[in-house]
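Take a look at the following structure, please.
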Amino acid sequence: MSDTALIAALQKITTATLTTVLLKKGIRRSWMKGPQRLGGGMLAPGQARIAGRAFTLRFVPMREDLATPASWSSPRSTRGAIEEMPAGCIAVIDAMGIADAGVFGDILAQRMAVRNVAGLVTDGVMRDVAGVLETGLPVWCQGAAAPASVAGLTFVGWQEPIGCGGCAVFPDDLIVADGDGAVVIPAALAEEVAKLGAEQEELEAWIMDEVKAGRALPGLYPPNAETLARYAARKKP
Amino acid sequence: MSDTALIAALQKITTATLTTVLLKKGIRRSWMKGPQRLGGGMLAPGQARIAGRAFTLRFVPMREDLATPASWSSPRSTRGAIEEMPAGCIAVIDAMGIADAGVFGDILAQRMAVRNVAGLVTDGVMRDVAGVLETGLPVWCQGAAAPASVAGLTFVGWQEPIGCGGCAVFPDDLIVADGDGAVVIPAALAEEVAKLGAEQEELEAWIMDEVKAGRALPGLYPPNAETLARYAARKKP
Amino acid sequence: MSDTALIAALQKITTATLTTVLLKKGIRRSWMKGPQRLGGGMLAPGQARIAGRAFTLRFVPMREDLATPASWSSPRSTRGAIEEMPAGCIAVIDAMGIADAGVFGDILAQRMAVRNVAGLVTDGVMRDVAGVLETGLPVWCQGAAAPASVAGLTFVGWQEPIGCGGCAVFPDDLIVADGDGAVVIPAALAEEVAKLGAEQEELEAWIMDEVKAGRALPGLYPPNAETLARYAARKKP
Amino acid sequence: MSDTALIAALQKITTATLTTVLLKKGIRRSWMKGPQRLGGGMLAPGQARIAGRAFTLRFVPMREDLATPASWSSPRSTRGAIEEMPAGCIAVIDAMGIADAGVFGDILAQRMAVRNVAGLVTDGVMRDVAGVLETGLPVWCQGAAAPASVAGLTFVGWQEPIGCGGCAVFPDDLIVADGDGAVVIPAALAEEVAKLGAEQEELEAWIMDEVKAGRALPGLYPPNAETLARYAARKKP
Amino acid sequence: MSDTALIAALQKITTATLTTVLLKKGIRRSWMKGPQRLGGGMLAPGQARIAGRAFTLRFVPMREDLATPASWSSPRSTRGAIEEMPAGCIAVIDAMGIADAGVFGDILAQRMAVRNVAGLVTDGVMRDVAGVLETGLPVWCQGAAAPASVAGLTFVGWQEPIGCGGCAVFPDDLIVADGDGAVVIPAALAEEVAKLGAEQEELEAWIMDEVKAGRALPGLYPPNAETLARYAARKKP
Amino acid sequence: MSDTALIAALQKITTATLTTVLLKKGIRRSWMKGPQRLGGGMLAPGQARIAGRAFTLRFVPMREDLATPASWSSPRSTRGAIEEMPAGCIAVIDAMGIADAGVFGDILAQRMAVRNVAGLVTDGVMRDVAGVLETGLPVWCQGAAAPASVAGLTFVGWQEPIGCGGCAVFPDDLIVADGDGAVVIPAALAEEVAKLGAEQEELEAWIMDEVKAGRALPGLYPPNAETLARYAARKKP
């Protein structure tokens, strides 16, 4: 499957379904604790879903001799990292869950939008959120804080293994994010997960119709043999 | 008072007033920490209020030999519990405050809506929140997470005493939930609370009008004897 | 600079910029952890910004012999404090971060609105949030809880030094709050911060235009000497 | 294997080894977060290890109409539960991690010691700790608090499934506790775990001797084929 | 009762008993969460108990323009406060639970010991703990941290109402601290609490003897009428 | 100054003094939150102090496809890292504060002791603590947990920049740890800090003698000009 096809397939699957498929493959740590869709309300319906390869960024805690506005001019800076991001990637930022210093603000978000980055996921927070939302860049984070990253964080590099929201994320893992949060899919499992996820979505849509029609849950969800037979029969032309 | 009349009376009283009335009766632990209205923003105005008898569900932490998709087919399952819920009840789910595994998703919420369950209150989180909101089931919870309940929770039974958000909840206690969160009223106190709450609401509405008219707070709220005399006089035809 | 002019100037500067200016002056603790705009969603765009002098209120934890409805009639009460608030001030309430007892409800908020208080900032929560939002008083807080303040808090005084969201706030410090939260500016630094902040906002607006036009970040933000020269040239008529 | 033999075997295996064996069997949630040995310092060496069948007790949060000293006289009380505990069992108490109300004090601990209960494990705290230590009952808990259980907890029953420190514990599961904390072993796996744990302990003791003799870790721990061959050879007479 | 007699009486009563007596008088918030005996291990047996009048100290969060070593020379400093402490008082320090800046170190503790202060209780931490322990001053705190108070705290005054570990403490309230932590007794209730506490201790000592003699708990603890009659009879000469 | 001399000098200075010296140089984040001396009680007096260059190790969260016992045999393993540690270094382990999986156990600690590593500092926990203490390796950590690192952590590399207890630590920074916890000193500042720290220790020892002799604190600590003159005079022969 081409990368384009893989990402398109994943984008049609809910993160809820993806975590269930990954659980069946033995992966329990796939949902990142913390990131929620910025600007759509914590729990609003109908939010867009994004999918893409992870481009990782790593921070360590602030130290006054290092985390300064001057450090922004270093080649090993968040600015440098943004210029390396390929179109369509999702930036995943390890902020160690720190909620009182915004990892990025509106100017950096605007540059990412210009470069066609597909989204930003972090276990930290954003700043200039009004401006960030105007850029149109889809963002999943823990919330907002006014202080700049240097108030609490020191940037140390990109495309390294990171932790984000309690999950390990490796460069080029697959990321999907929607109204239930953000999920990481190990790169080696992504094609199989996309296939199984699509099948699961189709089955659950049919089950939902059955529930709306008044059918009780036991035997229907999860489906027993009789239900699966009905499901198989329905699919025939 | 019939149960229908009691629930209708409670539904007209804010949870803020209910906690004050309960405090005067010696009950300090009545507001559940965690549950907030799903989909209406954390703090949005004009949210509907629900009232009903508690139907309790209990989880313990996940253990891999127990918390499996296969367990969903057991008669002692969340599916079995939903089929036991009477119309008009409010499901109260003890999730031990765990925020990284959704207790229920859209299919279970849809079945509850079909069965005319009045609402769902939990100190945990939901999954498939976009779909849950489409079902129309009123939900108070801590937020959203993609993983299924089996990723973190094992269901052990229903209509047992539970803890939810730091409160004890017994089967058939009265539950009221609105924009300030969710409150439990001990069944034995419910009629008296409903009566005192209605009186308090009427008094506070009159005080609010006085404040809007420019009157200062000291002596007005809480009302001193002169204020109460004015209030009594106003009520006469 | 008159107080009116100072406050008008500060109201035009984002809290994000203010924290950066304060950081350059050596003040790292200026953003309060916890307070977010009530009713606008945690992270919604386009929220109004408020600015004003701090009027501080202080609570200690509840003790049953002290934190009673009767205490509301004492001259040393929250009611008494509200009557002392000057028009245009911002009430800053030290609730020690307690999230299960609302500091104020709709009646007190209404009185503050009538008295032309510019806003309310607290590291605690509000109650009667639907009613509070109807009063139009701008509020930054941690969320909502139904119980009254006496359920968890004892009021002890006003215009004392307080802590709020991890920041020291002294009476008559300057407060600015917007979609990124609330910031305290030491009174002695306020004029200089207002001047530097305005300059920074103008520079960042120009940089944002450059980014929208497709320019890369390194050398632009933060600006190097060449960029600053271009910026200076642009400003000439 | 007789229960006596099983418990004797488990008592010789460290909790560290038991968690590794359980992990290889697919059980990741076996160590309880919170309980540490009372009175031996948080991390002191040479602490005794206990093993036994779990006798579970369950609390929900306090509610003023239920959690009273009078409730101690009810047959469904902690006193009643203690009289049901068989000699050699380990009481496992679900206190929901609450750290400001002691589940048991010295008098109840003394009665348990008289009844030859093997130990007490809780994710809550104890009270009267000086007196508890004098009883000689081995206790694993989170620490000490002066208030009685009724200040924060309502007892609801025994020998039910519970959560303790993030683990599910079912009546008659096996419990082992030592200087690294407390572990639960599902009853159905206990014999196999005891056998594999004993083998692992023997291997690790030999590896430790090798390390003391100066051998480097790669290839030794975990052992590669050559190391395992040396280990097998050594065991021969 | 003289203050000396009152304090001597309170010193003989465990904090566990004191919280129970206070609970019966309607005071649920009397035990401070956080303070534990420094240097005796978190839970060690046989620790001394202290009692005395509270001398309160209050901190707010650090702000760089205020919390400096220079501020230590101000008359409104911790040094000034120590010189005001009467012999026999217990310093109770509101550190807002901050655990990464030590409120006091060895030099200040030594001066307090020289001035015959009876003890120090804080919801924060100490620094120079090895040196503090050498001074012999009894200390209840959350632990140790190397940074000085100015790294996180600004001192603002003494003998004001404070919060400490979730409790309100007013100047001259009574404080008792032992192996179960520290308790505050409202000044107005202290004599009655001392009397009831002494009676409770005597009863519990007798019950403990009964338990050691093999008697079962139901009916004994709490005592029913028959047990109380036996207890009354025993007390007769 | 030779490295040996520098480390010897630092070992004589308390971490409390070091944080004060660093604060005066503008470094506020130098004390790691979490690490306390293992086995000596959380706060015990007279604990040894260690000093040395940091050798950093980095973990990210566990993922089931990576964090397996098999991974221990990889060259990029904790075993490989230990073999790279120079004698006299202090291993500083970024465990992201995770407290339910032990970073190292007794066998790895034994190998480090054999290799003359000076100590181990982590914001995580240890396992096999009884065995670890027998190895004699000085350890600062958050406590004990039975599960192996693979239960919660994936090792990703060594001698990279890390975070530990809220501090940035770079390879070859200086580390000092004692009864107040562990401190990191930026390598470039270490010589100056050692010099200033030694002077501060001498001054404070003299002040302590003055306090023991009964002198009041104001003017003495911090010393005013008159006190400093007395101190200078005393030093003359």
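Order as written gives the chain letters A, B, C, D, E and F; numbering starts at 1 within each chain.
Methods note: a contact is a pair of C-beta atoms (placed from the backbone, for glycine too) under 8 Å apart; a residue touches a chain by one contact, two chains touch by 3 or more.
Computed from a prediction, not measured in an experiment: that's the story for all the values here.
Using the contact threshold fixed earlier, the set of chains in contact with both chain E and chain F is D. Taking shared numbers over all numbers used, the chain A to chain B interface scores under half, which places it in the different class. Of the pairs listed in A-F, C-E or E-F, the one whose interface repeats that of D-F, with over half of its contact pairs matching by residue number, is E-F. With angles rounded to a multiple of 5, the C-alpha fit of chain B against chain C returns 120 degrees of rotation. In this assembly, the chain whose C-alpha centre lies farthest from chain A is E. In this assembly, D is the chain whose CA centroid lies farthest from the centroid of chain C.
Our note on geometry: chain B versus chain E, Cα centroid distance of 38 Å, whole angstroms.
In terms of their C-alpha centroids, the spacing between chain B and chain F amounts to 49 Å. One simple way to say how far apart two chains are is to compare their mean CA positions; for chain B and chain D this gives 36 Å.
For chain D, the set of residues that touch two or more other chains comprises 28, 41-42, 166.
Inter-chain contacts, as defined above, occur between A-B, A-C, A-F, B-C, B-D, C-E, D-E, D-F, E-F. Against chain D, in their complex, chain F makes its touches with residues 38-39, 41-42, 69-70, 72-73, 75, 77, 79-80, 82-83, 99-100, 102, 105-108, 110-111, 114, 126-131, 133-134, 143-148, 150-151.
Residues of chain F that touch chain E in their complex: 14-16, 18-20, 23-24, 28, 30-31, 33, 36, 41-47, 166, 178-181, 183, 204, 207-208, 211-212, 214, 216-219, 221-222, 224.
Within the complex, the chain C residues that touch chain E are 26-29, 60-67, 96, 154, 156, 160-163, 166-169, 186, 188-189.
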